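By written order: A, B, C and D. Residues from 1 in each chain.
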């Protein structure tokens, strides 16, 4: 009657949310340093001794490699964890699909992997138009949100709500990155993307804490409407926090790259 | 069974709608003078004795300070009114969230405060890209609408409808301001934003009059469908009125700034 | 129990749909001549003897006057037809709103009137930025659609469906005209707008024929699902027909304005 | 009681999905060669011996002819297949619409036909603005999706779901092509369009296999929720596969058009 219950048991745990959350946080924090740096360097050209145009292009190349490696590890892990599908898609004995959740996560990673590959080719050679990297990243983020949308059937109200909140960050980022195809190098869009990436990362952690409270604290009441109102607000605080991090990193970066005579 | 009823009692009153309405009206009216002035000055450069480019930039700086101060006052007021939460988020004795409505409003103010701070830094120093002010304002307006969306559970039909109408002005303004990131200084977008801001302000007042009729007039029938049809139309009249104000202020401003030899 | 039934009786009739339909058709047909003419004249500058830049600007001025006059007539008619509200908004004896439908239609006309006024001022003087005309027209179309959305409560399935189809043309036109603020003079957008305007006009006529069959033919079965499927398809045929008209007018206009040596 | 059941019987079969799927695949594959070729030729101007600007324009002309011919064949086939409507729209004896599905499909083809005609005129003569071809193609794709939306009443859950997934590719392509009106020749948008076209084609085939399994394999359980989850994921794999095809064709094309001294 409720096919989703065993599914949720298999994948839903604290680590399953903390891990992707950490990856997004990592990338968000890195971008919150990289883009201010790039902006400052572009403004005072002769003063900046840290980065050049070619240097930043090499950075995007390295980012692509890291993205592709992470995605590969993620795909392999989803397949070969002890209770994973081990590349088996259909259980012919019991006649049902096998570990669909793991396959879905692997699919999400797959598109991030493709995005990483496109980064590598677009910035390592000049065979591909450079803007392909943004288009592919936008698609990867969109596919993540798209699969999330069909992920939530048959769950409890609070569970659905916290994942729906995540979708705002995901689709917001997808649109923002797609705009970057046309407004490449716009510091505004880059900062918006960074903030949404940090938000996504920290909210993954929050979901972990809410749905699978570690160290034995009691579960949240899934049916209490005030919990939903609190979490909606809490989501906004996470976003404010993301901007605080962005502001701090922006300030530090600006100070360190300022030419000596201005300090 | 109905957790929203006590909540509504706490915050829903005439003043709670008139106050934010007044702020939005104030800003809308001010913008309806400022942007025509700026436009006229840009058109007849040598004729205009009122404002220069630097002058308008200083204005945006002052606006930022006012926004930040208003937001701070708003946050403090929501926290420390007699029946406010006094910074207490969770009632451990009775095991429920404390004054969530006040916390939500404080969160809305928080983002306007951040927008004010960004204005101050972007126009007071040249450390930040100038377009950040629009992006942050757009986000603040979006967050306002976002929190409103999850604000309306369990209310009566008419109550929900008048707040939903408000969302058109809010999200319309958020999109309009986001477009200004890319089309900065477009008088069309600035006037659209101004009109939506006035609309939001005057509609807040209308909501106050409809839901909490002052001086003892009888309440509106919340279930009458014709009331909803009337209010939808009334919303359009408010918008027409906003354009009337805009037109009057535009005319006055144009006449006052015209060079003497054209009068 | 069903407050919408008497309302529908009052306004819903064949003429009430044929009249606005005719106005939209008129404007659509006129635009299907004007914009090709303008495009051809811009392409072969010295060859075209019909229109100049100033001439087209004067045309927009005249269009504004016609729009404003039509809107004024519409508003007066809605108010002072025999069973109209005669400026009475609330029936204090029977305690209900009076002729809300007529007031809603008058509100729609009001915004077209404002759009006409803005056209007059923007093209008659140089006090207003020219792009205001598109922004205001876009708003007028949007308000029309917005009021239509809250117009359809409590009606039969087929009735709702044919009006919903209309909304595609309306909101499509609103978005198209808003884009014209930024891409002014784009022949593509102007032709798209023209086609949507013709579609709206001819669909108004179709609604009249479907819901209030003149000369005594039997009413359509409001509950038959195949009727809905047919009308959806029929809507597309109207659109194809709009493009046929556009193509014919484009061809005729092109031939007449071609310089003699090319004929 | 269920008017949709006989309808589905009439049109729903394997061939009815494989045929349009093949057309989309054909166009997608062709575009996956053409656009990389065009891009490479534009980059190394003197090195490329395959195509010139005029050559590519002639290609678009030929594409238009093929599109128009295919659409004509499609329309004729839908009308004159043995159980088709033979141009009869209404069955006056039994008082119901006749073969609405065939008429709807013919309508879809009609708009692709119009798009083909516009291509022919826009690229064969210089009477039409060139960007009209993209606008008309965008409309044709949009109309296809629009008619699909009203196509799915009264079907089983899985049936609706696989068609809804198709709508993402369709409306995504419509938006992408509309953007090409303003960003004509953007390789990014052209590749996005190509990928969505291949996706649409291969998904049509998948729908055929799922809903009408050929060679007697058992039908899918229409009510099993895990089937829906699998197909959502499968849709993403199709998209990944579309990018694989695109990548292979891009590589081959690049290698063949590279000037000899770089090989």
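Please note the rule applied: a residue touches a chain if its C-beta (ideal position, glycine included) is under 8 Å from a C-beta of that chain, and two chains touch if they have at least 3 such contacts.
Quantities reported herein were computed from a predicted structural model and do not represent experimental measurements.
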{"item": "Superposition of subunit A upon subunit B: rotation angle, C-alpha, nearest 5 degrees", "value": "90"}
{"item": "Proportion of interface numbers common to subunit C and subunit D (over half same, under half different)", "value": "different"}
{"item": "Farthest-lying chain, centroid of Cα atoms versus that of subunit B", "value": "D"}
{"item": "Mean-CA-position distance for subunit C and subunit B (Å)", "value": "32"}
{"item": "Centroid spacing, where centroids are CA-atom means, of subunit A and subunit C in whole angstrom", "value": "45"}
{"item": "Residues of subunit A touching at least two other chains", "value": "none"}
{"item": "Each pair of chains that touches, named by its two labels", "value": "A-B, A-D, B-C, C-D"}
{"item": "Residues of subunit D defined as touching subunit A within the complex", "value": "39, 168, 183, 187-188, 191-192, 224-230, 232-233, 236-237, 239-240, 243, 250, 254"}
{"item": "Subunit C - residues contacting subunit B, complex", "value": "3-4, 96-97, 100, 103-104, 107, 110-111, 114, 127-129, 131-132, 135, 143, 146-147, 150-151, 153-154, 181-182"}
